[in-house]
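Chain lettering (A, B, C, D, E and F) follows the sequence in which the chains are written, and residue indices restart at 1 in each chain.
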Amino acid sequence: MMKFYVDDLIKRALLEDVNYIDMAADYLLEDGKIAKAKFLAKADGVLCGLDVALRVFELLGDFKFERFIKDGDRVHNGDIIATVEGPVKELLEGERTSLNLIQHMSGIATATAEAVKLVHGTGASIADTRKTIPGMRALQKYAVVCGGGKNHRFNLSDAAMLKDNHIDASGGITKAVEKLKSKVGHTVKIEVETRNLEEVKEALAAQADIIMLDNMDCKTMKEAVQLCSGKVPLEASGGITTDMLRAVAETGVNIISIGALTHSVKAFDISLKIMK
Amino acid sequence: MMKFYVDDLIKRALLEDVNYIDMAADYLLEDGKIAKAKFLAKADGVLCGLDVALRVFELLGDFKFERFIKDGDRVHNGDIIATVEGPVKELLEGERTSLNLIQHMSGIATATAEAVKLVHGTGASIADTRKTIPGMRALQKYAVVCGGGKNHRFNLSDAAMLKDNHIDASGGITKAVEKLKSKVGHTVKIEVETRNLEEVKEALAAQADIIMLDNMDCKTMKEAVQLCSGKVPLEASGGITTDMLRAVAETGVNIISIGALTHSVKAFDISLKIMK
Amino acid sequence: MMKFYVDDLIKRALLEDVNYIDMAADYLLEDGKIAKAKFLAKADGVLCGLDVALRVFELLGDFKFERFIKDGDRVHNGDIIATVEGPVKELLEGERTSLNLIQHMSGIATATAEAVKLVHGTGASIADTRKTIPGMRALQKYAVVCGGGKNHRFNLSDAAMLKDNHIDASGGITKAVEKLKSKVGHTVKIEVETRNLEEVKEALAAQADIIMLDNMDCKTMKEAVQLCSGKVPLEASGGITTDMLRAVAETGVNIISIGALTHSVKAFDISLKIMK
Amino acid sequence: MMKFYVDDLIKRALLEDVNYIDMAADYLLEDGKIAKAKFLAKADGVLCGLDVALRVFELLGDFKFERFIKDGDRVHNGDIIATVEGPVKELLEGERTSLNLIQHMSGIATATAEAVKLVHGTGASIADTRKTIPGMRALQKYAVVCGGGKNHRFNLSDAAMLKDNHIDASGGITKAVEKLKSKVGHTVKIEVETRNLEEVKEALAAQADIIMLDNMDCKTMKEAVQLCSGKVPLEASGGITTDMLRAVAETGVNIISIGALTHSVKAFDISLKIMK
Amino acid sequence: MMKFYVDDLIKRALLEDVNYIDMAADYLLEDGKIAKAKFLAKADGVLCGLDVALRVFELLGDFKFERFIKDGDRVHNGDIIATVEGPVKELLEGERTSLNLIQHMSGIATATAEAVKLVHGTGASIADTRKTIPGMRALQKYAVVCGGGKNHRFNLSDAAMLKDNHIDASGGITKAVEKLKSKVGHTVKIEVETRNLEEVKEALAAQADIIMLDNMDCKTMKEAVQLCSGKVPLEASGGITTDMLRAVAETGVNIISIGALTHSVKAFDISLKIMK
Amino acid sequence: MMKFYVDDLIKRALLEDVNYIDMAADYLLEDGKIAKAKFLAKADGVLCGLDVALRVFELLGDFKFERFIKDGDRVHNGDIIATVEGPVKELLEGERTSLNLIQHMSGIATATAEAVKLVHGTGASIADTRKTIPGMRALQKYAVVCGGGKNHRFNLSDAAMLKDNHIDASGGITKAVEKLKSKVGHTVKIEVETRNLEEVKEALAAQADIIMLDNMDCKTMKEAVQLCSGKVPLEASGGITTDMLRAVAETGVNIISIGALTHSVKAFDISLKIMK
């Protein structure tokens, strides 16, 4: 990710959290006094967002860092993740924004890793969706990769997904795929959303690049897998919860996309403690 | 909230989700064709973010709306929340961003309402924290209010919270409060974070405007309540989960602040269906 | 394209062209006086950018438009493209910015249409590249489509192109494609840049989604076409000028990408005349 | 030009070209690996935009540069212009944006230098216009200066140009100049656009600071030159192409302004090669 | 001034003044209730900024206005300037920002008008400087015009001012003017700052477009006026206060520029009263 | 204040003052030539804005500074405040913006210090208001603190002020305070604006956190002070000029808020001289 891409997001976050001044720090702490603090894991999971969290401090002043664990690594309750050393006013000023970022991103990476573990050995991969928190998509998708997942398309411009409205407007799957193929560039894949085996058959015949099995039960998905026999990647999608994940993966689908990875994130507990 | 405040956030979200074009819609759907869609609740909870969700469409083109339920109202599985009528291309272009917003905000309002219900009758109110998703604070804090909660300070500029680092640097709670009172304006409240009854006593004597009881057990909190006997509002804070909420409220504290309301949000399920 | 996406670009252009005020208009023309002007084609070509050009005026005041020709249509010397009616001060204020946009975009559409015509009947399509004018990519790529061309990838995030540096770092084409396939999401196509038939063979075997034939002569390209026998789309690229275009197309390649379409644009002559 | 002025333009260009990530580089290249590359001229011309092109890399990471040729200097096919050394991922990430800028700016400088050479010895200078690519005006006008040309006004606020609409609204050239002189500040020059010798005479009598000869033939321009006998600078303007440039210059006009310098730019070929 | 130019400034001002919400209005006033208020002059002076002040409300909601006095007109204590009708919440939300703008701008216009009156009949005009409040230059310079003054250059790009540092670096006034004339475009005027009659003579001989008399006494200025005998406009500058203004004007200088017009503004008292 | 908060404001100011280039400096001064200049006080007062003024140069190039006086310190005519050493082109480019900032901020600090001195020994403190210059609030409020004053609320979100419209809409002071207390968070203070002793009594009984005495005469204010006998802070407000300040302070009010501190600023004279 480009350095300044993150900078803009961090600046907005700091403006939101600090506004003009930090009265307690500005009026009580000594200018230029140096302090050192450590990022401490308070649970077990997968780390994500350390560079972003440290960047918060770089934007506020001169800081030095030591990193002990890196994005994508397992982290355990009690681990020291990194240390931060710099002016104590700016340290306290950036603390909350820094933690809000690393906790959110590590929460996603941890949940993704759990999903990936559940489907281990089945050949299915775990993917994210466009169900993200506004403004946070790039960081959220990066966290999914850190947790071992795959990224679905980033936005509406980089792959084409045919849903019922597009299909109806075009007079069926075959015509929709055909028309779209004649228009999009050669680097674009076309995915067709299907709701039953009839539609899967039609999408297969129309040479869709990917077929999405939308809210199907496992039995139907198994039939779809057999029907397509590896000619096209199949993506299971639609309200797939943790407890059904293994069963879905065992149907033989190639990708399982899960909105909850990014729309229902549980923050991962990390604290920042000033070292005496 | 000012209209254009939301506009900037929505535009960033749309740029993130659409980027340049929506290939499927742009290449397959007819220009200017009008469609009508309904926001449908898929669960029970409290609605929040409808105006923001509809604003997405206003920024994309000419749309008409009908509202049936308003922010802060209870909503039930199957309820039609509102209808949206306008050009089908822009309708599909804005769909995901609109849903991402209303689902996130309704998720917060619903969780807050559950917490408020749990403390009903105790005199304690539920408050949010600064543990928010970067860029989303104003919308998240508005959602807490819609769920019946109260807003803690918005940022570091609008109230002063004295934590251990400030207190140590100033030579104790008494000196810290004194020094800060001589510096901040007359509209600013000073809250002191305490970790034991000794500190509560000192904060009370120093005439703090609010005393925070940080990670105390219920027994200690009860003693703090007796000690202060209503002279100063007491805020319980620190990892308070749903199952301990009632017990905390019954200690007699005035405010219970809960980070999870905004840092660990579960999206509330709402869909947008095109009406044939 | 989203309405506000263009708005930001237009506002930057207007600030650049007007800065604070238009002295001649502000000091000499009557406030609120209404004038009507026509966009007049001064050459033959393909129109592109009319909506963008008219949007300039909408951002400056209340204007009414009549459109006679639309984006993608042929236009002839002397044709009236549209009329604009509104306050004369704002009309003059926006004139240059409006013309700069429509002339640039129509220049691209016209040049693309010429290229498309040259390859007519060969089965090859004409595509753009990432060689665009900074800040203008979306408008330039839209103009290519209006001229009958296809869009190559918009940016580095939406398709993966393997060049020599990536290939060398990975230990060859086969390993590079394999490694990348294991990492990118299922919606991403992988294109491999090749410089000779050996590399074409290896890319074909590695199941690249697209093979680029980089700066090859027509004879080699013909052999590549035979070698691949339709199993993968082939893209000819690298300094392909107008006079060699037909020959390249007749080799049987599927796509011919041309940087000059967007990096060396000849403005298409359109004027805006006030109607007495 | 102010450093940060260029930074904003470069950031927009990078966001456009990279969006979130460069998949090929991010997934295949080693973090922190250093590479060195050279900017290589592929044609003869005048260099422009080197600092801007190198600034792209500075915004992405830590880079070192060696410069061998500077803006405004002649450059020959095969010349090494500069070298860039830094992290290979960021090197590839910035490559296209960097080249798009330096090729465009050098294209303008080269074309300007050709025009300047054509009028050599006549006393006429070559100037640009406001017919620029939206968002690129400052860089384009800087390139014109690098090529030996002069800048016409930057925007509508820094000099006043009286065209037919202003003149008609004011009741003739004399009245228009008079009225404007009474209103604008003392640092503003007033240029009057004329279409025949009558108007030239009136503008001269009205003491215009500059007289533009709009779309006149060479004979008329010569008469205008005699008529004004050096009392006011004369600017020839309106569709002046390369082949008529010398003849126009020999009429004795002082300035020849050419829209094509900036509206119809041919990119100058420069490549960036990684050095093994 | 372009509509959206002001919009950005107003939005920044509103964000600064309102931040997220107006608690008093949002929690106590009825949604959608309509109120009407009047802008009331509390002193005598010249009105400026009414459109800007009203635009504040347009950005916040649907408002209707009646205007009774317009920018540049005299206004008297007790005059109703305009009325505003719209939703009471947004009315109160925008009140302070609206008044801050109109009071500042009217303050400048009023002070300018006083200066203009003081020099009446002398032939000297009153001009502003670049000594403006950051971010407010365009509005401040517009206010000077409303008060009957003239605008000096807007910025460093639109006219060239030669000061001692430039002159020393170039080897004297003559060489500096000569060198600059050979470089700047034909629309640019060159003003030379002088500190004594020797320098005035040199600047006159060098054919400067304007000569600034910097911090000279009235006697010296009179001599400069005689010396130049109308061949070049003379600008008096440097700490010219109200009480010496008439004397300066009577020396025969053409322009008197006064920094205090914009750097030491006294707000003009206007209130906004809700009409019962 | 956060570093980048000031950066954005400075960049806007520089764009406004420089626009593209500084012609005189760019065309006449040698690239990279180093110069040293000193900030010189031309009057007696209180310094404010030095860091902001120096930051201007840091944003333009590599500069070194020596500071001799710091924000909040007394400064005397002839004092050298600081020196700046760096490239002379950028030094001249930033000069005006730097001075505009430090002169404005020192003007506020100086005026505040004068007001503070006038009330010395009375127990009253001097506070600012929301009557600020758009875009400058944070810097202006910081200057008030440097002059020894206190900050009133920063914006409408961080404290609640009940005015007549809110009170009327709620059915009186008692009901308005009650309703608002039930809605705002526990960190928010409620101030009530009163116009006579009846309202003071009601506000006192309603347990307002602060009572504002709006435009009362000194006699009435004295009675209000007695009436409240120290139970609630009293703020005197409304057109309080320098000559009545002492008398107001002697009534026993706790805070005197003065709009003129920020809405009618007299720039403090500081110059920047290049040292030979």
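Operating definition for what follows: a residue touches a chain if its C-beta (ideal position, glycine included) is under 8 Å from a C-beta of that chain, and two chains touch if they have at least 3 such contacts.
Computed from a predicted model, the values in this text were never measured in an experiment.
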| item | value |
| --- | --- |
| Pair joined by the larger number of C-beta contacts - A-C, C-D | C-D |
| Per Cα centroids, the chain farthest from subunit B | D |
| Mean-CA-position distance for subunit E and subunit D (Å) | 32 |
| Distance from subunit F to subunit D - Cα centre to Cα centre, in angstrom | 44 |
| CA centroid of subunit E to CA centroid of subunit F, Å | 22 |
| Of all residues in subunit D, the ones touching two or more other chains | 18-21, 93, 138, 154, 157-158, 184, 188 |
| Chains grouped in pairs wherever the two touch, ordered by label | A-B, A-C, A-D, A-F, B-C, B-E, B-F, C-D, C-E, D-E, D-F, E-F |
| Interface residues, subunit E side, partner subunit D - complex | 125, 127, 150-154, 157-159, 184-189, 191, 210, 233, 235, 254-255 |
| Subunit B partner contacts - residues on subunit C that touch it in the complex | 1-5, 138, 141-142, 154 |
| Residue ranges of subunit F in contact with subunit E within the complex | 9-10, 12-13, 16-25, 27-30, 33, 35, 88, 92-93, 96-97, 99-101, 103-104, 107, 130-138, 154-158, 160-163, 165-166, 169-170, 176, 179-180, 183-184, 188, 259-260, 263-267, 274 |
| Residues of subunit E that touch subunit B when the two form their complex | 11, 14-15, 18-21, 59-61, 93 |
